[in-house]
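I've put the structures underneath this note.
In what comes next, subunit A is part of two complexes: it sits with subunit B in the first one and with subunit C in the second one.
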Partner chain A sequence: MNFTRHLRAGALAFALSTTALTGAMAQDASLDLVEPLAQYKIYVAENTAELVKDTEAFVKAIKDGDVEKAKELFAPTRTSYEAVEPIAELFSDLDVSIDARADDYEKGEEDPTFTGFHRLEYGLWEEGSTEGLDEYADQLMEDVKELNSRINELTFPPETVVGGAAALMEEVAATKISGEEDRYSRTDLWDFKANFDGAYKIFDLLKPVLEEKDSEEFLKTVQGNFDDVYEVLEEYETDEGGYVSYTKLSDEDRNLLSTKVNTLAEDLSTLRGKLGLG
Partner chain B sequence: MPAPEPQPKTPRSGLMTLAIAGAALLAIAGGAAFYYASQHAAGQADTTDQFRVAVSATACEPNEITVPGGKRSFEIVNTSERPIEWEILDGVMVVAERENIAPGFKQTLTAQLRPGDYEITCGLLSNPRGILHVTESEEARTAASTVGLRNFLGPLSEYKVYLVQQGMAAVAASEELAAAIKAGNLPKAQELWVAARLPYKRVEPVAYRLSDLENAIDPVADYLEKREADPAFTGFHRLEYGLFLQETTEGLAPVADELVADMSELKSRLGKLKLDPALLMAIPGDMARQLSDGKIKAGEDHYAHTDLDDFAANFEGIAKITRLLQVVVEPVDPALEKEIETKLTAVETKLSELSGPEGYPSYESVDEAERASLSKAFQELADVLDRLDQVIGVS
Partner chain C sequence: MTDKTKDNGNHSGFGCPFTSRRQVLFGLGGAGSALAFGAFPARAEEGDGHQVTDAPTGLNSTLERVPFYGKHQAGIVTPRPATGIMAAFDVVARTPEDLETMLRKLTERIVFLTQGGEVPELDPKLPPPDSGILGPVVAPDNLTITVGLGASLFERREFLTPLKPRTLQRMTQFPNDALDAERCHGDLSLQFCANLQDTNIHALRDIVKNLPEYLVLRWMQEGDVPVIPPKPDGETESARNFLGFRDGSANPDSNDGILMQKVVWVGEGDGEPQWAHGGTYQAVRIIRNFVERWDRTPLKEQEEIFGRKKDSGAPFGGTRESDVPDYTRDPQGELTPLDAHIRLANPRTPEADDNLILRRPFNYSNGVTKSGQLDQGLLFIAYQADLEKGFIAVQTKLNGEPLEEYIKPVGGGYFFVLPGVSGPDRYLGQDLIEAVSTADTPI
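Take a look at the complex of A and B:
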C-alpha cells in the first residue's frame, strides 16, 4: 500500500533539521524512533498493570495480618515498579508517595507523611508486625492504581525515555549501591535486577536505530557491561528465582557492580545526543 | 507581555512575521533584562549567567526566582548537612534535576524552559517548595515555534500504541462474536456485533488505507452488483444482514470465522504500519470529512441501524489523534488549537444530545434535520483540521 498518495500536497514542509544541535556526534531525530518508543510505552503499561495486580495480593496479606506472606511478597511486588523507574520523573508525586526513603523526611521513619513501600517495609521487618499498616497499604493500592491509569493517558516525551536509562543507572550508582533503598529487608538485589531490566529494555529497543547510525563499537561495549552486571547478579540468585540478602554481596562484587553501573550511566548518557534528542 | 502576533498564513509570511516580531521582542526583552538587572543583585539577571540557588536544611535561597524563557543554567549549592537533589517541576513532571549533591558541594543544571510558573524542590520532601517564574522571551518563542520531527515522536508513538491496542481489541471482540454465533445465541450475537465494530471503527481512518482488508471487513451491499446476494458481500454487514434482518445465526459461522481471520490480519498490519507526521495530520480531517460528506446522510448499518454507535467510535478515533497533536500545535498556533478543541467539543455535544438513556437510539429515528446538523458539526471539524498543515509550514 502506498500511504503517501492520500496526503495533501503542501503538508510536507517539515523542519526536519532546524533544531540547533550541538556536538559533532549529534544527529537528527528519526522516525525510526517511533517503533521503540511505542514498544516502550507498551512495556511500561504492562508493568504498571502487573504492579496493580501484585500490589493487590501484597496489600491483602498485610490486611490479613499475615506478616510472613507480606514479607514474601514485598520484593517481587516491587519489581514491576522498579522496572519503570527510568521514567519516574514523569510522575514525581507518586514516586514520592510510593517509593520515598525515610531520609527524605525531617523526622525519618516517624514522619507521618512517610508512606509507600518503604514505610511498609519498615513495619514488616523492623517492627515485625502488620499493625498500623492498613492505611499505608490502602494508600499504596490507591497510588499504584493512579499510576497505572495515568501511564495509559500519558504521552511519553522521547527525551525522557531515551535519557531514562542513563538517569536510572546514575541513581543506582549514586544512591542504591550503598544499600540505602531496602535497608530493612535487604532485598536490594531484587530491585537492582528490575532496574537493570528497565534500563536494558530501553537500550535493547533502541538497538536497531543505533545500528543504523554505525555505533557498532558502542553497542558492543554497552551490551558487554549489561552482561557483566547480570552475571554478578546471577551468582546471588536463589533456587526460587529470587535473590539473597544484600548483606551477602561481597565487597569485590559490590565494587564491580559500582564500576560497571557508573560506566553504563556514562555510556547511556550519550544516547540522547546520538539519537538527535540532545 | 508581548503583543499577540498575527497568525502566519504561509511558511514564507510566517517567517517574516516571526522575524519582525522577533526584532520587536528583542528590544522588549532587552528592556526587561535591564529593568530586571537594576532590580536584582548582579549575577542573577543576565541570561548568559548562572542563577545561583543555595539549598539549606529548610529552604531554597532565594525561594522565588524569575528567569527569561530559553536555555538557562542554575548553580545549586548544597548548604545543608545532607545530600540533596534539586528538581524543577512542571506539575508532577520533572523538567530537569540534579541528584545527589553532597553537603557543601555545588552542581550546575541546564534546562530548556518554556514560559510559565514552575516549582523547585528544596531538599527534604517536607521543606516548602520554591517558585520559578519563567517569562516570555524571544529565545523561548523561537524554540516554541520550531516544529521538527522530534515534536511528533511522542504523538506518533502514542498513536502506534493505540493502533496496537485497538487491533488486539478488534480481534478479541470478533472472536467473542464468532463464539456467540456458533452457539446459536441470537440476542447475544446481536449485542456483540455492535460492540465488535467499535475498535474497528476507532481505527477506521487507518484501516481505510488498507483497502483489501476494508473491502473484506466492511463492504456495504449498496456497492455490490448483486447486493446481499453478491459473493463479495462479506464481513460485518453480511453478519448484520443475517443477525438483524433474517434474525438467525444459521449459516453465519464461516462468515464470522473469516471476519476473525481478517481482524487478525488487520492487527498484524497495524502493528507493522510505519506512521509519519503527514499521515497523522491527514487522518483526522479525512475521516471527519468522510462522515460529513456521505456516511451520516445515508448510514451504513441498514439492518441494525446502529450507525450512531459507529459514528461515536469514529469520533473517538479522530479525537484521539487530534488531542495527541495538541503538543505540536499548541506552542506554534494556540488559536488554532483552541478552535480545534471547540469543534471537537461541538461534535461531542451533538453526539451526546442524540444519545438516550439506553445508549444511542436506532438511526431510523434520527430525522434528516438532525443528521444534517451532525454532519455540519463534522464538516466544521474537518475544515479546521485542514488547517493543521499550515502549522507545519511555520519554521
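Take a look at the complex of A and C:
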C-alpha cells in the first residue's frame, strides 16, 4: 500500500518558518516532539486553507441554485475539516456551528439553530433544493474563515495533537461507524477516509519518536491495522477518487472496520503515555 | 413428590434442595493473581444442591466463586444468581489461527474475571488496564461467563462449515414474533451471571476492551430475578417473573447428573461432531410482556393461562409448587385447560420426555415504549441437547397459546455452548480448532 498517496503531497505556500513554529509550541513539549508538532501544524494549516477554498466553491454553487454541483462538492469539501477535527474541535462554538447534526438538537432538523454542513446536506438531499439555504451557506463561509484564522494563531497543545490520533478513532467508533454522520447524502466513507488520514498523519509523524521509545511490535501492529483499513476503503473507491454510498458497505466490512477502529483506538490511546505527556 | 424433585415419569432424579451452598469462598489475603487462589476441588459443571431457577437468597458474598474448569461450562446447571446479561457479538476472524487467538484470549479473560484477582498497576500516564468498577481487586462474585457460537460463525467460514453442530441454525420467526433485527442472532454469545449486575458489566467491559480486534457487539440484554431470603424451614421457591408467577417450578432437576446428560449435554449417540461433546444448545428469546394489560386481567384467567396458582405456584389440584399435575386424570382439561402454558409446553406424556429443556431466564426492564407503556419482559434462556427436539419443538407446541395475547418475542438467537475447559493448559473451543486442522491436513 502506498501511503504517500493518502497524505497531502508537498506543503502549500504557507511559509511558516520553523522558528516561528517552535515559538508557537507549548513550552513543555519535549524536544523530540518539536519536529513532529511543527510538521503537524503545517498539515493542519494546509487543510484549513483547503477548507476555505473548497467551501467558497461549495457556497457559490448553493447561491447559484446549482443543486447538482453543490451535492458534488459537499463530501470533498468536508474532508479537510474531518482530517483535522481534533484541532478544529478545540473551538467548540465553531464546531457546533459548522458540523453539528440534527440529533444534537431536541427539535432535530426543525431547530432554527441547526446550521452548518449537515443543515445544508439536509436541504440538498432531503428537500432537493437550495431554497432557503443562502443564509446557512453564508454562515458556513464565515465560520470556516474564522476557524482558519483562529487555528493559524493557535499554539498547538502537544497532548491534543498526540491524543488527536485516538480522538479521531473514538469519533468514528462512537458515531460514524453507524452511518449517522452523513445520513442524507450517505457520503460517510469520505469522512471515514479523512478521519483515518488525520489519525495516520499524527501516527506517521510520531513514528521516529516512538521508534526510540517503544517496541517495534507496537508500531507494526498499528501500521498493520491502518493498512487493513485502507485496504477495505479502497474497495469502495469510485473511479473519480471518491466513495460509493455508505449503504453499499457490506456488514462484514463494517464489522471489520469497526474492529480496526476500536483496536486502533485502544492502541493509539497509549500514545500520550508512551511519549510521557499527561 | 418431594419439593423440586421433578417428575418426568421415567427417571428418579432426586436432588436434595436443602443442602447449603457448596460454592467455594475464597480469601483475598494478598493474593496477586487468579492463579494464586490455588486449586479448587469443585468443577464447573456441578450444581450446589439448589435448582437453577431457585430464587437467589440474598445471602451471597462477593467472594463466592464458581469454578471455571470442568467437563462443561459453568452458568448452565450452576444455580442462577440474581443478575445476568446476555450479549451477542459478530466475530471478525478469517482464519483458524485468528479464531484460535480469539478463543485463547477469551479464555484467559474469563478465567481472570470469574476467579478474581488483583488488577495490575500501570504508569498513570497510560489508560488503566481495568475499568476499576470493582476496585483494585476483582472479586469473583459468583460470576460465570458462558460462551456460545452462532450458526453464522460456521456458515460464513468454509473451514468451520463441516463442523457445525447438527441442529444449530439461525432463529426463525414464530407466528407471534415481531423480531427486531437489531436484537437478533450473532456469531458469538456471552452469558454473564453474577450476584451483582455491576460484576457482569465490569466483565463485559473487560472483554470489549481486551478483544477489540475480534468482537463487535451486536446486542445485549440485562436482566435479574428477585431475591427471596431463605425461609426458616429452609424451603426454597422459584423466582417470580414479571407476570408475577413462579418461573422454573417444573424445570428438570439440575442436580441429577444423569438427567442433565440426557436433557442438556451433547454426548455420544447424539450424532454430533466429537468436538461438541460436553456442549449444549442455548436458545435465547427476548420476550416482551404487556404488563399493563396483564395487570388488568382477572386473576382466574391469569392462572388458567399458565395452569398454575399465582400465589403458591402449585398446579391446579395441588397445594405446593413442587406438586406434579396428573393430566391422565383430566383428559378434557376441566382442571387444567388443554391450552394452558404448562400443559402445552409439557403434556407429560412419555413422548414429551424427548422435549425437555432446562430454562434459566431473567426478567428485564428496558424503560418506556413510544406508547408510554412499560417495556418489560422475560430474557428467556433455555439449554438442551437437541435444539429441534428442545426449544423449537416446545415453542411450536406453544404457538397460538392464550398467553400470546400478553407477550411478544422481539429478539434473541440460537447458539451452541462450547464444551468446558479441562485445565489451565487448555482453552475454550480447542477441540473445534483442532478438528479444523485435522480436517485440513491432506491425507
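Keep in mind that, in the parts below, the second predicted complex is superposed on the first by the 245 of 278 C-alpha atoms of A that agree within 3 Å, B and C clash if a C-alpha of one lies under 4 Å from a C-alpha of the other, contacts with A are read in each partner's own complex, and residues count from 1 in each chain.
The criterion applied here is as follows: contacts are C-beta pairs under 8 Å (C-beta built on N, C-alpha and C of every residue); 3 or more make two chains touch, one makes a residue touch a chain.
Computed from a predicted structure; not experimentally measured.
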Does subunit B (first) or subunit C (second) touch A:S178, or do both, or does neither? neither
Determine, under the contact definition given at the top, whether A:S258 touches first (subunit B), second (subunit C), both, or neither. second
Mind working out whether A:E35 is in touch with subunit B, subunit C, both or neither, as first, second, both or neither? first
For A:S149, is the partner it touches subunit B (first), subunit C (second), both, or none of the two (neither)? neither
Which partner chains sit in contact with A:S250 here, subunit B, subunit C, both or neither? Use first/second/both/neither. neither
Between subunit B (first) and subunit C (second), which does A:G276 come into contact with in this model arrangement: first, second, both, or neither? both
Check whether A:E266 is in contact with subunit B, with subunit C, with both or with neither, and answer first, second, both or neither. second
Chain touching more of subunit A, residue-wise (subunit B, subunit C): B
On subunit A, the residue positions that both subunit B and subunit C contact, one per complex: 276-277
Interface with subunit A, subunit C side, in the complex: residues 90, 92, 123, 125-127, 156, 209, 212-216
For a test of understanding, state which residues of subunit A touch subunit C in their complex under the given definition. 225, 251-252, 255-256, 258-260, 262-263, 265-266, 269-270, 272-274, 276-278
Subunit B - residues contacting subunit A, complex: 11, 82, 87, 89, 92-94, 97, 99-100, 124-127, 146-150, 153-158, 160-161, 164, 209-211, 274-279, 281-282, 286, 324, 327, 386, 388-389, 392-393, 395
Contacts from subunit A onto subunit B in the complex sit at residues 1, 3-4, 6-8, 10-19, 28-31, 33-35, 37-38, 41-42, 45, 89-94, 96, 100, 103-106, 111, 113, 155-158, 170-171, 174-175, 276-277
